[in-house]
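Shown below is the structure under consideration.
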Amino acid sequence: MAQSASDFLQGPSQPGGGPEAEGPGVVARTPRQLFWRRFKEDRLALFGGFLVVFMITVALAAPVVESIVGHPYDEQYRDIGTNAFGSPNPPTGSFIFGFDDLGRDILVRTMYGARVSLTIAIVATGVELVIGVFLGILAGFMRGWVDTIVSRFIDLILSIPFLLLGIALSVTDFLGGGEKLIIFIIAFFGWPYIARIVRGQTLSLREAQFVEAAYSVGAPTRWIMFREILPNLLAPILIYGTLIIPQNIVGEAALSFLGVGIQQPTAAWGQMLAAATPYVALGKAWWFMLYPGLALFITVLGFNLLGDGLRDALDPKTGR
Amino acid sequence: MKSSRLIKLFALLTVLMLVAAACGGGGSETGDTGDKRTNEDVTVSDELNPGGTLRIAGVSDVDYMDPASQYYTVSFFLSRGVFRTLVTYPGNVTDLAAQNELVPDLAESTGQSNEDFTEWSYTIKDGVTYGLKLGGEEVAGVTGEEIVCDDFVYAFERIFTASVGAGYPFYYDIIEGAKEFQAGDADSISGITCDGDKSITFSLSEPAGDWDFRMAMPAASPVPRAAAEKYDKKEDSDYDRHVVATGPYYIAEWTPGEQITLERNEYWDAETDEARLAYPDTVDWKLGFDNDVGVQKIQDNEYDLGLDVSPQGPALEEWVTTPELNERLLQEPSGCTRYLFLNTTIEPFDNQAVREAVNLAIDRENIKRVFGGPTTGPIATSIVPPGIDGHLPSEEFNPFETENMAGDMETAKQMFQEAIGAETWDEPIKLIGASDPPHDRIFESVRSDLEELGFTNIQGKTPKFPNQYTQFYSVPSSETAVGSSAGWCKDYQSAFTFLDPLFHGDNILESGNQNYAELNDPEMNRLIDEAAASPLGEEQTAAWEAANRYATETGVWIPWSWDNDLIAYSSENITNVYYFGFHSQVDWVNIAINSEQ
Amino acid sequence: MFQYIVRRLIWAVIMTLLVISTVFVIFFVLPGGSGRNIEGAGKCSSPIAIMMAGRNPRPALVCNIVKRLGLDKPVYVQYGRYVGNLLQGDMGYSYHSSEPVRDAIFRRLPATASLAIGASFIWLVFGVAIGIVSALRRRSFMDRASMFFALVGVSLPTFFLGLVLVFLFDGRLNIYNVASYQPITSDPVAWLKSMWLPWIVLAYVSMAVYARMVRGNLLEVMGEDYIRTARAKGLREKSVTRHALRSALTPVVTMYGLDLGILLGGAVITESIFNIPGIGSLAVDAISNQDLPTILGTTLFAGVFVIIANLVVDIAYASLDPRVRYS
Amino acid sequence: MAQEVLLEVKDLHVHFPTADGLVKAVDGLNFKVLRGETFGIVGESGSGKSVTNLTALGLIKRETAQISGEILFKGQDLLKLNSEELRKVRGKELAMIFQDPFACLHPFYRVGDQLVEAILCHEKMPKKQAAERATDLLASVGIPHPKERFRDYPHQYSGGMRQRAMIAMALVHNPDLLIADEPTTALDVTVQAQIIELIEKVKTEFNIGVILITHDLGVIADVAQRVLVMYAGRGAEMGTIDEVFKSPLHPYTWGLLESIPRVDSKGTRLVPIEGSPPSLINKPAGCAFHPRCPHRFEKCDKEIPAMQDRGGGHPEACYLSIEDKKRIWAEREARRTKAAS
């Protein structure tokens, strides 16, 4: 954990001026160097980064492993996959993660599940960031009726129960259903969080001197918004971007768990967990539930650690 | 926080979970169903002590309380104890064949018919009266009054009144004058005549050897004009909420979708009813259960009987492989066939060779296994299920035989490619299944077989059960090419109830159609009409067998299961539990509650 | 103060209307919405009516239902009729069980309420306690262990945690039964025995969030000048902590109010795993049965709870933090 | 003037171990404060002036900081006291007020209640009586309508008002020594004067000692009797106002004096001190100021110059001979006034 002088004082750091001199000689450092120095020290954040990279490689390596192991993700191994009652068989031989309830290889399906989760989460987060940042800056900067409308719209969406309306939407074939609809649902209910944060930041940035300076120079509002304010929002955008991704991953998994997310035969973690549910209460087929669940947990933990690390490195105000 | 310590801690957590999990037993390999419990293991008695409450766990509610509108096994189940009919199925009879020998109920004896079965007459017993209406109030001029011939006249008039929306009028439109009455050209049905209050005669426009069976259906139960007329006058009759009981129980309380409570009907005289012993005082029927939760409640003896709740998937495996539970699982052929169907009006399924190829390609053994394995009943090889005359056992007739019915993809592919003159079929075809387990897995199994066969553009949809019927299968305009979650159960023991509605060309309707394959084959229609008209006995059976053979060879169906009914009950709480063919359930009116419950 | 509340109430009404419109759009406007007729399947062929016609929907019966429910009328008429009835407290009848929606929801409210209140109590008490202890004893083992516990909590999706615990407690150890929910009125002991696990599952994730937030707030507050002044005054460490808690825990009140409000609308996933007949599972069934009035009823119910929660939280915050007067 | 010695700091060292190394915030400090005297401590930020006083008050966590030397307060070494004994002294005999009035009062409690709490901290008395006492105190520090203002919250007070409330809170138990850490920095000029005047009034009225910490030489010149100039955790020069301001003997003091605008020396050019404050971890060897000192010579970077009177009349820590000191200061003053004309 990055130490700061204030750790020792029972009060705020030395009044009148910045914290006591940093390290060997007061050498000016660019924010990026400062960020990297703090981030490098934060082992938990590095561990998070490692988990995320591991999951991305898992997603990319899915077809490779599929060919090595020789089990296509939707191939039903009917003779060895399920027992006489149709229950999935435990791991044996080259099926190291065991079978699902249709005799398919869980290792390969879990890896393909990573693809679905990561693509949907990252694309949905991207869409959320674009809408959220744009409306956030608009509301924060223009204030007046624009701000009221956007804020009230944000309150509206935040008061609608995400899962209920998500399921209702996914039963229609709006946008042709499938992945596009799932991304729309997650993004539609997600952008208000980022919009609210960006609006808050823009409200405070708006008062900053450099904005007034740009104004006095006669820069058009569009320029101020996107050339002056936006660059200063990179830190919060990066932080909350990384923190929203895990929420979206869980969101997609929740929709699949309730049977309305990604449809078969594409593999998705939530869908696999839902299929494993009947066996769980009877203490059977632990592998069917454990591996997709662990994969989901590892991915979400990775992004959370990464997000926390970024937040501490980028704005160290909050002591760890 | 040293991350190395974190990783150790994290690894420990996973190992802990694996150890706790791994020590459990895996799935059993054999799935043998050696010592299953059937009616032979049941000894019935009619001197058990009455009293107590029968607690039933169910999923779906009745479709209607009005006996005329009902057309659902769950509703027939209820009617057995609430509405009596002229003739009915015997009580306390465990032999399935013997259960088909109808006994008199409200009538003195079973139907007396002329030799060509076009006239049937009955005399109504004395001392059979109406009880309380739904909710427990008395109906002036009805409750306590004797059942008379006019009540049956009105009952059949109702069946042909639009506002009532009868469930199966096609069984009774052969009564003379019925069609005219339905069309409004006559103000009564000429074919039904009363001779005084107690004797009634039906004259039919065509012979019907199985008329008594049709009289044993709930729609044929008497309905007093005084109780129902004012409701039937409405645009959409709601007599449904005010039905008057004639059986040993009346409907004390009904919260749709949640709860039905039946109480003893004092106006019912046990002497006049040889089919129903009615041991319990009340029946507490809880609806809306999730299937697995219901099964768990029965396993824990919190509930006594599972109506449309039965062990499936992993729970079935547990019940069958655990001796104490296996003893409480009644298994009998249900007279139902589950099948895939191919719509003959949609290319390429209009081509007989393509249909035959699909019959060979589908892995019925895997569908059966995913459905729950051999316990759920044998793999079907033809249309008519066992227990119904016209049935052809697999050893005798199996036109699309493959090694343990797991499909023969090579020959199927060859036939398919010859038939369509191409490597694959790239046009889109609609495959409609259902989402509730195990139907979702059946859907996936069928989809992968069809893809392997050569269909490259399958558009799949899995609506929630039973929407696949109402929104797709029975709506021709939905252009459902292949249906993977279809099933049909006999109404009564004759093959007519199978082949006529499902294979006869005349029965293809614009909506509410049951002939999903929309097969309109003149030879098929001729065979069905001929069998229907043939007299009961050897001749009729041979005719139905021929029709069954022909229907199977058309390949429009890929039957994959002759279902066993799996009735889970609490042997600790109830006895005298035997399988009752007519309802594909147990005969609840003759169940007794153990005293120490 | 009164003027502020009136403004908030007016806004609540507008929000309710907007929520209704969203559901109507999904049902009647979007392609594939089940309020609309199936393309090319004739006049009265809306899936809702077909479904209600039971096992063999004859055209006459289906059209009859379409007329009775007014499904053939233009959308805005149906919208007007629904809102009109709503004003008199009538939420319409369920298409699936033709029972008043209001009764169905209130019958299931105790289950959702017991789940929501029980779980929120646990995560509030434990979350805040862990947050405080780990903030006061920073860098101690307790701090690192609880923060790891919190990190895992934030990253564990409820349904995976639920499945693992059900597997261990019900599947293997048989000390919990997933099918054992009993309302508190009928059998409090069985109720408790059926609720402790769903409480833990639902509470664990939020407990982690609260612990991290309280810890962060407390650390930040401990660094404030007025805490140093309190020490300089010669206050005992106990009362100095009390000072810090007073300002660190205020945001927790608002967060708790909002979370509880959202939860009272039904915890869809936990209710489905533990078979608790709450509003959440009622809503999910309603959606798969395309039961429009019940969907509207449950969504509105959830939305109203959130709006009420917002209002209560704002008022509570104003009374807790003197700087925030009713602007 | 044989006044009583209130506070005596002997060879005080306060070091903080950090990931980057040992921060030697206070590195051998010695000074005395007498009753009835305003003792000024001056220095750039990061010179250790606040840490010294916070250590005295026990506001530095002893477990993590390395503290050595003695801080005698009325003969008693505060460093030897355990935290409970120290707590009894804090706020009662030794009080402190801080720089940023906006953040010094608890936002959620009424000002009056915070005062009452300070009273009840060391004296047992019924709440009503404490409330009256608090109201009188508010009046004594010049807050109008004290009864109403008693019930107000801090955000309803202006900056100056709040600083007055802080002073009232410090005087609750008529402490013997009041430490004022940059009391006026956050206030605008007009209010500054009032606060300084109030501190003076309080000092004479209660006959207490005052330590005034600031980087504003102007304030020191007006109010303080004696002053200590600090640099990089050590004393550079100490003496009466006249000695230090009229005949400064340390190059750092010269630089300080030259970098502040003087009302009386109109038109003089300001000469900033080159370079920036040294790192407290790897301090320059010998005299810490030598890298920035234009007059350094080979001796300066060897040993740390002790703080002693080298003939200039008051103690300072610079190896230059007394003659050189006087000569160089005279030249710099001449050059400065000539450049301005």
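What to note about this one:
Letters A, B, C and D mark the chains in the order given here, with residues in each chain numbered from 1 onward.
Keep in mind that, in the parts below, contacts are C-beta pairs under 8 Å (C-beta built on N, C-alpha and C of every residue); 3 or more make two chains touch, one makes a residue touch a chain.
All values reported here derive from a predicted model rather than from experimental measurement.
The most centrally placed chain, judged by C-alpha centroids, is C.
Counted by C-beta pairs in contact, the busier of A-C and C-D is A-C. If you average the Cα atoms of chain A and of chain C, the two centres end up 22 Å apart.
Chain A and chain D have centres, each the mean of its CA atoms, that are 50 Å apart. Distance from the chain B centre to the chain D centre is 95 Å, each centre being the mean of its Cα atoms.
Computed from the mean C-alpha positions, the centre of chain C lies at a distance of 56 Å from the centre of chain D. For chain A, the set of residues that touch two or more other chains comprises 1, 10-12, 44, 259, 281-284, 286, 290.
Counting partners per residue, chain D has 59, 98, 100, 103 as the residues that reach two or more other chains. In chain C, the positions touching at least two other chains are 164, 167, 171-172, 178-179, 224-225, 228, 231, 288. Touching chain A in their complex are the following residues of chain C: 11, 14-15, 18-19, 22-23, 26-27, 30-34, 138-139, 151-152, 154-157, 159-160, 163-164, 166-167, 170-172, 178-179, 216, 219-220, 223-225, 227-228, 231, 262, 265-266, 268-269, 272-273, 280, 283-284, 287-288, 290, 295, 298-299, 302-303, 306-307, 310.
By the touch criterion stated above, chain B contacts chain A in their complex at residues 1-3, 6-7, 14, 17-18, 21-22, 24, 26-31, 292, 296, 313-318, 320, 363, 365-366, 369-375, 406, 435, 437-438, 440-441, 443-445, 447-448, 460, 462.
Remark: chain C residues 38, 40-42, 45, 47, 50-51, 53-62, 64, 68, 94, 96-99, 107, 144, 147-148, 164, 167-168, 171-172, 177-180, 275, 277, 288-289 touch chain B in the complex. Taken in their complex, chain A has these residues touching chain C: 1, 6, 10-12, 44, 152, 155-156, 158-161, 163-165, 167-169, 171-174, 177, 246, 250, 253-254, 257-259, 270, 273, 276-277, 280-284, 286, 289-290, 293, 296-297, 300-301, 304-305, 308, 317-319.
Looking at the complex, you find that chain C touches chain D at residues 224-226, 228-236, 239, 243, 246-247, 250, 320-323.
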